[in-house]
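The data blocks that follow each hold one structure.
Each of the next two complexes has subunit A plus one more chain, namely subunit B in the first and subunit C in the second.
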Partner chain A sequence: MTATMQSKTEAADASRRGRRAPGTARKVRSRGGSLQFGHWWWALPGIALVIAIHYVATGIGGYFAFTNWTGIGSFKVVGLANFEAIFKDPTKLGALMNTLFLAFSSVFIGNVAGLVIALGLNRVLKTRYILRTLFFMPVVLSPLATAYIWKYIFDFDGPINVFLRSIGAEDLAKPWLADPQWAIWTVLVVLVWGSTGFAMVIFMAGLASVPVEIEEAAAIDGANLWQRFWNVTLPGIRPAVAIATTLGIVQGLRVFDPIMALTGGGPAGATETLATQVYKQAFALGNFGGGAALALVLAVIILFFAVIQQRLTRSNPED
Partner chain B sequence: MTQHRFRGLKVGVLAIPTAAALALTGCSGSTTTGTEGGSKEFSLTFATSNTIESPFQELAEQYMAAHPDVKITFNAQPNDSYDQTVRTQLQAGNASDVIVTSPGSGTGRSILPLVEANFLEPLDDSAKSLVPVGSEALFGKDGKVYGQAPEITVVGMVANETAAKAAGVSEFPADFAGLEKQCSTLSSSGKSFFALAGAAAPNTGLMAMSLAATRVYAEDPKWNEKRSNKETTFADSQGWKDSLEAVKKMNDAGCFQKGAAGAGFDAITKGLASGTSVAGFIPGPSWKQLKTAAADSEFVVRALPAQDSSDKGFVYASANYAFSINAASKNKEAAKAFLAWAAEPEQTKTFAEIDGALPVSGLESYDFGSGAYKNVGDLIKEGNYGPLPNSQWPNSAVYDALATGVQGLLTGQKSVDQVLQAMDAAWG
Partner chain C sequence: MFRYTKLTLLREIGLWALALTFLAPFYFLVTTALKSDAEIYTTSPLAPPSSPDFSNFTAVLTASGNSNVVLGLVNSVIITAGSIVGLIALGSITGYVISRSTKRWSKGVYYLFLIAIILPGQLGAVPLYMGARTLGLTGSAWGLIVLYTGMLLPLSIFLYANFFRGLGTDYEEAATIDGASKTQIFSKVVFPMMAPATGTVTIFAGLIVWNDFFTSLIFLGGSSNQTLPVAMYYFIGSLVSQWNSIFAIVIVSMIPILALFLFAQKRFIQGFSGGLKG
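And now, the complex of A and B:
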């Protein structure tokens, strides 16, 4: 009853707001115009900072990709020499492969795990709020700090090897982060651990929009659990899948701090990525031009995959 | 009129982000507070990698105590980002007045590239007099000196003599075969001859350079000059091949602690202080810091045994650090007065004592006696020493190729030839 009355009152108000008294039209228009002008000016500091920080800085950085600048002193424009060096250097190509492997693997595993957890914690389970917090915790914690904890866990004298030795599997104990075969997988474990909670939250938001009635109707029609998920739930959360995978790929391609803390790109470049190489070339080895060129390559790769991924996952071609 | 307003608006639109960018990047000129000429204030920046007070800070505090009208602001920077920080500050014009640099061109804080970019001020004759013989080219160019050496650092290995004796190493091996034998013996008893930070590039690089001391630089101290003149390459050098082969042999003989490939610097401190390892490839002055962690142990600096006992011995002993003055400093007079004071024999002796190094002046009459440097005294007195090779290399990428390459040798990812070729490629 209250709701009906309220909606009637709102409708009346709206009708009153829509009516214009004779002679007031010009005044309203002019007030609207001044408001628009004011909005533009108010945005100027923000626009200026965005231009300065994002576009001017990025543009200058992009320019240095075509120079031999060492980070200090004078420099010469060297054309595409830095890019040629990148594609001739096996270390850089290895870093590119590692970047793609870590980005796509962490997105795939992280999203599958995130979806499973989101489905499991969506309804029914009494402890779901506590579990959601626990699974989301890695996203909130500092990646650098947690990477150091993982480094301790994977250390030669760390808990994993202590456990292996305690069960008599001493032969399996190894310096995980310095093993050429295992180092990249240990990094992947840490990345998946950090990204699963993020995917879970996005999927949970998506699941909230899937009507329970349709699921119930499908169940009454005899659809089993898998059929209900595949034909009802998954189409319903398609926008969430698009967001989670796009953000995951962008995040995965530019991952830096966990790798620097865990392995520093080692052993002998086995876990080097484009982002760690950008840092090393530009700041540790004084090859700012080469580092800027690598950063540009990384930016193009991120843009390419983000666009492709968006096109593949959008539900409506007209979106 | 309208056009004028629009032009003003355009200028404003361009000026605001530019000003904001400059403000954000700190490009606002020198931040020194003193006045031209008469100021007694200046700032000093140096690298720190632990909680122990830096010898540079301790010396500067002594200067302030002796000169109460002088105020020095300390800008300590973490060692791992020191090069980058100093370069950025110099580029931005807000670096400290006195900067701790390194001789040569092999690192980000090296004097020669900073001189090339006009960031450093030429120093007085007192600094010139402290340049170690044979290292003149590393301290400046055109007869000018841009760095003042505060001490002589010996780089070979630091050994825990007490732990060595306890582990049954009664006599230090005289040749490489003896070293391999000792390694096997210690390995079988659960200990290791060397504590290695295999995941820390500076340590693996230092090990390879230590092995090259007797295999390359003892017979040919001017090898770097030949490499610069393209008369030789790393890949063609038998001495460098032997040095890297020695890394593999040491690994096979169990010279390093278990899990060495993934270990950091803490493994060296832990291993040497606890006595589970006998020696480490670390700069000589580290003996003093280790002593604070294990007061009951005796730490000494040693040269790595040569391939054969009859081979010429050689150790790296040079000024690895230097005081330099920022060319954009507004407190040059105060900074120069400090450097002149630090160059006096009394202060060079004090600094060496604080840091546990050798004094930069009076080395020929230095009494090696029974101190930490007793085992390298003969080599130094006979002149069988030289600067760290990478100080003469053209850029830090060569050392990085060596250091990461040695990691690859330890894990089996790389061959000796691959590492040497990568070093040649990095040389340019």
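And now, the complex of A and C:
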């Protein structure tokens, strides 16, 4: 109630202020300690929209995690039954392991590859900007579209197998996406391909902020290439590492589109992730309560790793 | 000290070899899309077509129903542009207020947005869908614009707030002394200064909305008003291993974003690295 009243007086203030401008500065200062520029109620539409679309919707979804709702009709509160079901179901536990495996290995490989390319492109190269554009290209494309290209590449009659047969390595040719052992690795390749350019760009920006003089000084003092990288360059790009890995892990834990296009979660659940399972449970199988419970698990995992990541990379002193 | 030596040349050649290998998928994409129906079975996947056949592209562009690619393209442009406008308008003003406010709640609101960035969307998807259906927002471009604006607003606010934090208040103080109202200060002084942040928001939001599949699949489901990725998904769903047709539509879906990227690649890459360094 007070909030609405205050907003009204401020609105009236604003309309008057246009004409009675000279008084403004004094008035603003005299309020001291509170908002100096802009009106606080300017933030209200944004806050309302975010609360409605993120928090209310997620809250309702979270509530359904404790029910047996099917998406339509009536439902009962079932307590923790949905969560018990998750931890008893091998498909969902497999999906959990796959999600963690894909997120962490794609971030690790993508970041190492991105860093190596960024280091390679750093300074003096004549065509570094063209190369940077080329390596970045996969990042702007839709994961759905790129997944279709790779689906063909890994096809049984696709380029990889044809190439393997042509060099006499018949035995290595296999139905990559239909092989329960290999399917997850093909997904990993696609994820790394799509994210390397992103990591590279962040590292290039980080590297650009490391002063040339320090690197030169280290070189003159006899530091070899590895020592220079480990003791001079890496500490300088720590913020870039923090951002690239945090975003990569949050993205990786949610991976959905490429899997739907590549394998649909198969063969026999070998590439199922939490996000694909949430979708299948909630939208395809009409088990909305179970899907919501799984989404809640996913949300907790994402929050957990995002917080850990922030802690690790922030509090690290110069060692 | 870091001069161009023979070793540098070697490094340059090595990186070009790596880049060409890295982009090999594009070779398969283009060569396969130009093969005729017969040739995809008779020629090796590694070989280019004997003569380029563009009939796949005409087939893609004339498809109708829910795989109508041209309509999907138009819808995607409208929805992406509308979401960007919404995100700039709401994101800039909200980010400005919470980063300039010294009140205690502004810190809390900032964390409210930060947490919203990492909440996975699936949990809220069904409640959101039901809410949107009640309000009559499903199946229309307007509904998706509102939805995307809300979904990406936390990211937009975060980028703007970080930008304002690094920006002194000198100009605003000078404008206040000169007698400008708060509205004038924001629209005439602050908004033009935040062009770099606006650029970053445009690129991020534009890419995410343009490429998004999941949200538009659910919220436009059933209507013939599809976005490009959904039209592509339906088009491909009707094909079995006809890779020449599949790749024709993949290429059509990629051309707008790829052209924009190559045209403004510096802005794109700066947007990514600059917006995230903060």
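The working rule: the second predicted complex is superposed on the first by the 277 of 319 C-alpha atoms of A that agree within 3 Å, B and C clash if a C-alpha of one lies under 4 Å from a C-alpha of the other, contacts with A are read in each partner's own complex, and residues count from 1 in each chain.
Just so it is clear, a contact is a pair of C-beta atoms (placed from the backbone, for glycine too) under 8 Å apart; a residue touches a chain by one contact, two chains touch by 3 or more.
Here the structure is a predicted model, which is why all the values come from computation and not from measurement.
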item: Partner chain in contact with A:Pro267 - subunit B first, subunit C second, else both or neither; value: first
item: Partner chain in contact with A:Thr70 - subunit B first, subunit C second, else both or neither; value: first
item: Subunit B versus subunit C as contact partner of A:Ser142, first or second or both or neither; value: second
item: Residues of subunit A touched, compared between subunit B and subunit C (which is higher); value: C
item: Partner chain in contact with A:Leu285 - subunit B first, subunit C second, else both or neither; value: first
item: Touched partner set for A:Trp176, first subunit B, second subunit C, both or neither; value: first
item: Those residues of subunit A which subunit B touches in one complex and subunit C touches in the other; value: 45, 49, 51-53, 56-57, 71, 155, 157, 283
item: Contacting residues of subunit B [partner subunit A, same complex]; value: 13, 16-18, 20-21, 24, 83-84, 87-88, 90-91, 108, 113-114, 116-119, 198-199, 201, 258-263, 395-397, 400, 404-405, 407-408, 410-414
item: Subunit A-facing residues of subunit C, complex; value: 1-4, 8, 11-12, 14-16, 18-19, 22-23, 25-26, 28-29, 32, 44-46, 90-91, 93-94, 96-98, 100-103, 109, 112-113, 115-116, 118-120, 122-128, 131, 147, 149-151, 153-154, 157, 169, 172, 176-177, 179-186, 190, 207, 210-214, 218, 229, 232-233, 236, 241, 243, 246-247, 250, 253-254, 257-258, 261-262, 265-266, 268-269, 272-274, 276-277
item: Residue ranges of subunit A touching subunit B (in the complex, touch as defined); value: 44-45, 48-49, 51-53, 56-57, 70-74, 155-157, 174-180, 263-264, 266-270, 280, 283-287
item: Residues on subunit A engaged by subunit C in the complex (per definition of touch); value: 14, 17-18, 21-22, 24-25, 28, 33-40, 42-43, 45-47, 49-58, 60-62, 64-65, 71, 117, 120-121, 123-127, 129, 131-137, 139-146, 148-150, 152-153, 155, 157-159, 162-163, 166, 193, 196, 198, 201-202, 204-206, 212, 215-216, 219, 239-240, 243, 247, 250, 253-254, 256-257, 275, 278-279, 282-283, 288, 291-292, 295-296, 298-299, 302-303, 306
